[in-house]
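There's a structure below that I have some questions on.
By letter and in written order, the chains are A, B, C and D; residue numbering begins at 1 in each of them.
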Amino acid sequence: MPAEVKSLNEECGVFGVFGAPDANHLTYLGLHTLQHRGQEGAGIVTTDGQEMYQYRNRGLLAHVFRNQADLDGLVGEAAIGHVRYATAGRQTLANVQPFLFNFHDGDVALAHNGNLTNAVTLRRQLEDEGAVFQSDSDSEILIHLIRKHIKAGFIPALKQSLNEVHGGFAFLLLQKDRLIAALDPNGLRPLVIGQMENGAYVIASESCALDIVGAKLIRDVQPGEIIIVDRDGLHTDRFTDKTQLAICSMEFVYFARPDSIIHGVTVHNARKQMGRLLAQEHPVDADIVIGVPNSSLSAASGYAEGSGLPYEMGLIKSQYVARSFIQPTQALRERAVALKLSAVRGVVAGKRVAVVDDSIVRGTTSQKIVKMLRDAGAKEVHLLIASPPFRFPCFYGIDISTRSELMAAHYSVEEMRKKIGADSLNFLSVENLVKAINLPDTGDAPYQGLTVAYFNGDYPTPLYDYEASYLASFNAQEQRMRKEQLK
Amino acid sequence: MPAEVKSLNEECGVFGVFGAPDANHLTYLGLHTLQHRGQEGAGIVTTDGQEMYQYRNRGLLAHVFRNQADLDGLVGEAAIGHVRYATAGRQTLANVQPFLFNFHDGDVALAHNGNLTNAVTLRRQLEDEGAVFQSDSDSEILIHLIRKHIKAGFIPALKQSLNEVHGGFAFLLLQKDRLIAALDPNGLRPLVIGQMENGAYVIASESCALDIVGAKLIRDVQPGEIIIVDRDGLHTDRFTDKTQLAICSMEFVYFARPDSIIHGVTVHNARKQMGRLLAQEHPVDADIVIGVPNSSLSAASGYAEGSGLPYEMGLIKSQYVARSFIQPTQALRERAVALKLSAVRGVVAGKRVAVVDDSIVRGTTSQKIVKMLRDAGAKEVHLLIASPPFRFPCFYGIDISTRSELMAAHYSVEEMRKKIGADSLNFLSVENLVKAINLPDTGDAPYQGLTVAYFNGDYPTPLYDYEASYLASFNAQEQRMRKEQLK
Amino acid sequence: MPAEVKSLNEECGVFGVFGAPDANHLTYLGLHTLQHRGQEGAGIVTTDGQEMYQYRNRGLLAHVFRNQADLDGLVGEAAIGHVRYATAGRQTLANVQPFLFNFHDGDVALAHNGNLTNAVTLRRQLEDEGAVFQSDSDSEILIHLIRKHIKAGFIPALKQSLNEVHGGFAFLLLQKDRLIAALDPNGLRPLVIGQMENGAYVIASESCALDIVGAKLIRDVQPGEIIIVDRDGLHTDRFTDKTQLAICSMEFVYFARPDSIIHGVTVHNARKQMGRLLAQEHPVDADIVIGVPNSSLSAASGYAEGSGLPYEMGLIKSQYVARSFIQPTQALRERAVALKLSAVRGVVAGKRVAVVDDSIVRGTTSQKIVKMLRDAGAKEVHLLIASPPFRFPCFYGIDISTRSELMAAHYSVEEMRKKIGADSLNFLSVENLVKAINLPDTGDAPYQGLTVAYFNGDYPTPLYDYEASYLASFNAQEQRMRKEQLK
Amino acid sequence: MPAEVKSLNEECGVFGVFGAPDANHLTYLGLHTLQHRGQEGAGIVTTDGQEMYQYRNRGLLAHVFRNQADLDGLVGEAAIGHVRYATAGRQTLANVQPFLFNFHDGDVALAHNGNLTNAVTLRRQLEDEGAVFQSDSDSEILIHLIRKHIKAGFIPALKQSLNEVHGGFAFLLLQKDRLIAALDPNGLRPLVIGQMENGAYVIASESCALDIVGAKLIRDVQPGEIIIVDRDGLHTDRFTDKTQLAICSMEFVYFARPDSIIHGVTVHNARKQMGRLLAQEHPVDADIVIGVPNSSLSAASGYAEGSGLPYEMGLIKSQYVARSFIQPTQALRERAVALKLSAVRGVVAGKRVAVVDDSIVRGTTSQKIVKMLRDAGAKEVHLLIASPPFRFPCFYGIDISTRSELMAAHYSVEEMRKKIGADSLNFLSVENLVKAINLPDTGDAPYQGLTVAYFNGDYPTPLYDYEASYLASFNAQEQRMRKEQLK
């Protein structure tokens, strides 16, 4: 679960169900467990086979659905839902998904997790041909493409459209009589299929959303696959054969819930193993090991186990962090940081502390944590990061699309240590990260089926609209090398 | 920090400051760290030496203070604040503290943590003498008593009144020119004094509230003590000499934040020690140790350390538990429990699991946790409670004032185990609880200065209005024994 | 109905019913028709014979009661309600009526229209004897007095208390088993009794509130009278025999709804007659007669009829005046006045216009109206006021308790005309005002049973707490005269 | 101003300004005066020449713009605004105007008053060509047409599109550097141009919106005209020469504010003249004349003047009609009608009353008014309608598009009188209606430039998508006649 103190955000979570009474409530429960994937907006679209019903708004799920009546209006046995993190751009209601489009020949709802890399080009082309967009979201492009090809029929139009969009995408679509899921050719974003006792199918971003509704995890949706669920059951199809699994490694490092199982790997176990391997790779002289709550606690306990040092609670996170916190006066601004995270003086005072964190993005949080621990009396602070230095942007659905804000893109590890103020700073290697996650049955896939581009720039796909600005962010010499590296 | 899954609630938290610019913001920050002590209402009263300003409402602090303007109206360099847990009775605005009373000879504001044991008797007497109460709260009684004696002057009237009320109380009062604190003769509720760099004094329920505003912990307020802070500094006085420290042991077991220091003891450390002693007292054959988040994690890691078993994250708590969660349909009600707490299948499946929890009140949560772990594949579930069986009600400020809802009041440990469905169930002994907390410098005070009446019925004071119904809750034979035991 | 453009406010409206199913809904309807008497707060207390139920908040009735559930919680067949205009002081919830007081020997709810002239003295005495007030409202004093005398029994205590408070008051009290009404010895505020078809009694500030619930007007409550309604029917009693009707003449001029009948007189008819007599007293050379909507339309049509001039719609008032209107920028502030009231160019352009208004308080509105008409092309603007110059404050329940804000207290009619910018300015005489209202059966009561103190300083009662500051507002010479004039 | 008691609703009001600081506040003021044209939604789009800014929501203007910040975000010197009446279909936010469309080659905002008669056909065609609509509103069609033709340039594309849509329309469009207005070839909806002192141009549905911002009325936009306002001033153009003025007569009868001037005629004066001609056409034996507030007061005073009968206030309308009124219980439902409108017993009792109303739609309101007057004691009730029987639907922007709900479409005048319960019922003739409005300079235009189709079925345009269902609403014989009558 992402600590809100970090500026690293997954862009979305999706949930769909077909063939279940209480589809509205099931989707509400499912979205609740996916809330960590997006806190800026939420919505549900249902259908009773005749009409489609939409309810959405900005804010947390519990803020969006405040009254029983909000859910009660969403009738029917099929539904898709979405929780959204607003990336750049406007946080308007128009951008909150699922989108619902009305056509004289049948309505379509759409929910999307991911990011398209050729969205700008496609939108410009579509607008020149007469398209009128209603949102800033790249997710809307798929519908315009489908309508462009609609004379071929809906599924053929969808397949053709899925071959025209590029990047990372997990799409859920709802029509009056079916639920459709589609995953990009690299399976960059997670998407799992489950089944309830009554036979109803559930498709969701993470398996924790299956657990909450009592659905059994069947399998992960495969790269390039289209899943269609209708009255006759679940059908599988493909829109391309050029596929290669390259799932985002940050899902394991930071985004996914510790109880989720992705491609057979329990996230908590992967994190604990990152901690153990980190202890092997970078042992430190310390009295206690502490983690940064909540996302780094698994890795920290792994590090404690691996190093034989005692595991302590040296930092605590408030349960009551207000999203709408009133800004303190200038004089108190620094203190307010401690509202979210505070050091336990009675634990760390006089100790040499090994702090385990999952990753460093901007570095500002690390800086504050080190200061907080020293203020509480820690004798030494050793910072251990359970992933490699985050040096390259993500174009597939994480809210880091330029290098400018990445500390590790601009400083050496020793420079970072100095800025952060730690006594030592160490990172897990890419090799050990891959080894810790250890995706099964991925054959000779690079990095055992993981995308590790954030750490080494080795992107699994061309970058399309982003390529020019990405390359421009390097100096001349490195540009050549990076260009080479891109497919 | 209290897990919201438990029906055990502290009744309040208080915070006061005198002599500080930004008194409103400081109090807001302080109340934020005390939010775990009361989530049903919050308020602040400030004074600029001329007027007094009040803002309060039902709900969480962040809900009460939604706009900058809400705080901005609270001008002045002195303030008191309150977070409230609504016990029985009406959750009306009129009951939200601090109360502000206007008199032609000077306004008084009041904030109270605790519970008066002779409130019913006093209120009836006062009403017969002409008093008109504005709330259902026993806290209001103090003001009526003070006004009854006001001709003697405010402080003498206050002292006399403090001798007329009984039970557990930590009062903060604010007048235009001073801040006053008073603690009951047994010091049942915690109350600490801190000082800021600019010399301003802060008085709060827990030291974590001093930390957030950058105040240094000076000492705990002593039983029977009155503290007066005005332009001339801090003055100390007493309203009685018949005092004997008997602070509530549940503050250490469950209520207080792990980073708070009470009478010299860091709460996390006390909890970890409870876990270690529990491991000595009740070793179990298990593969892993897990804690019930968040309040039991310290004890669980202590148990792991004491037993040498690996400490794992087998239960996770959602960060996004909605207070205003929409009720699921009947069919889904059981599932919704997992929204707050869920088991990590990948961790517990196939394992013999030792679960550490801090206490058992009704037993329903324990039952759900055991079922949840078994559903996730745990082979055995051993429940270990880091405090003794909770068998007797509290009349001093915890929301358990009848025996009827206490599982341990009605069943043996073996009966409890069966109902809960665990493979084994064990509790920490009273002796080890006292030893784990280990309050320093308490001489020959019973239980080293702790109240452990919840576990053994040994109340440190007479029960007044509650005595009759307390005794009536026992059968004839036990009534004699319990009557004997009461002072 | 009061035009909101005038700074002249009635302080309250009250409504009570006993013995009717739907008491909550009936009170809601009744308060709706009394909304013009107070827009700052509203509330209802009901009783089912066992418990009492309260709901109140700041704002208009429709804002206070937003959901069906707000009303549904108010069960029982008896209720009192209140709409409030916040005079000076704090617009806090604590001041919104009906007040509900809980006593161990039975709850009491209270609603009050009027103003007590010895409130400061009484409150000081009560506080010195130990009383704790919960509001700033003088209305609360009655309850403290009753409790002081409670040993004599409730009704005797009430009678004694009613003799201790002075000024203008119409009180409604609700107990579990009865509804009580009481009117001051001068009957300064209106209060009428009605009966429904099912026999239930209704008591309200104005008869329009009887009409809406289908109750038949029986009679006005008499000065010094106490009405008690219980299961046995309606009982009448008196708390004093020293009574003399002196009802506020401004109820007829401005406050009451045109369809209300007060002491036998339909308000619209009284106003129309004021207009006719004004036409006799002050004929003008004009082309058309227009009224200031809405309160002056009756008088204007009377003037038109009396003068033989055509009656036109030269000013219109917006139906959509926002109470929470966003402040325009400085440059536009003047324009925003026209949002409430605007001149009809096509009607007034090129005309000599006679504008009839009911009264002048500060004069600022008159100034704006004259300017507005001239801007719209009026050739001449003759201002005709259907009441005498408002020169003296009111201490009985109108929000004008100092002379400082009264234009006519400081300027001659000619000076006022110049400041306002009209071509002529004329007022109705006190004699014609009394003649226009023409209260029946008032014998030799001064001014035929009306209070006209606002126009001539002849107050029907001593002024108590207000006397000193009232006299101090005059120069030495006039002080003597005014002192003489006071009883 | 429309009485809310009538089920007759204008569909919208528009306001635009170019070249004025405070464009946001000016538009807010303008929309406020146009609030009677739409109460279901409101919005403003502004531009500072770089970006466009939108704020809109459902509800009244004062509800939509609640905080200063809502307006402050709308920066720039050009703006368009819209108030909306939701006709059929979904009252979703997506349908609230102005719409704002983002294109890579420049954003466009759109506000529309009117109704397109070929919307269904056009939308189906566009969707088949790939268009994705975001609202149910026919207003959105214009943008899709423009984009379809965009390669020709914006203004040529607009002109072509305006020739493809049919019906009644007054469009305002805003681009970064210009404000555009367009009116349908019959000028069915009103649209006026004004100019402020600083030279800025204002275009609005009614001249009252010019008055409030201090703009001088220049002229009405002409049928078929396009107005373009940019930095260089105001330019005029045409999209067709086939024009013929046929402005909606109901604007004069009911919709427009009495102070507005449309094609040179002040609405109040037209209404008063309708009343005078009605008195000539249908004199009645009565004691008094009263009007139904507020929309019929002008006509009523005209009738009084024409007949020589006294004009009285026999019905009053509450100022405090809550839009969100809590539904009374079944027993009280009938009473609640009187919350909006009530009879003045003291005026009508014992009288023969002539009631003037502007029109009859369903007849239910008339029924209630007659009953209300009789209940208040009226001896006779004569109903006089200041317009002809409303027998045919409107397809140009009034919310009456089927005959089923029109009383006069199904009953003779005598049948209507019986149902309504009046002693007599009379209507103004079409000839006198035309004569009362008396539009100047309209040459040989049918009905002097008015649409009177609601009264005689003589529509000024073909009906397109509506023709089939319109004709189907008649019996076979009449169908032929009505088909003939359509162009």
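Here are some notes:
Going forward, a contact is a pair of C-beta atoms (placed from the backbone, for glycine too) under 8 Å apart; a residue touches a chain by one contact, two chains touch by 3 or more.
Keep in mind that what you see is a predicted model, and the values were worked out from it rather than measured.
Two copies of one chain, chain A and chain B, form a contact in which over half of the residue numbers belong to both partners. The distance from the centre of chain A to the centre of chain D, each centre being the mean of the chain's C-alpha atoms, comes to 50 Å. Rounded to a whole number, the gap between the C-alpha centres of chain A and chain B is 38 angstrom.
Put simply, the C-alpha centre of chain A and that of chain C have 63 angstrom between them.
Residue positions of chain C in touch with at least two other chains are not found. Pairwise, the chains that make contact are A-B, A-D, B-C, C-D.
Only residues 93-94, 101-105, 123-124, 127-134, 136, 140, 143-144, 147-148, 150-151 of chain B touch chain C when the two sit together in their complex.
Those residues of chain C lying in contact with chain D across their complex are 1, 21-22, 25-26, 28-29, 32-33, 35-36, 39, 60-62, 65-68, 70-71, 208, 211-214, 257-259, 261, 266-269, 272, 294, 297-298, 301, 304-305, 310-313, 316, 318-320, 322-329, 331-332, 335-336, 338-339, 342-347.
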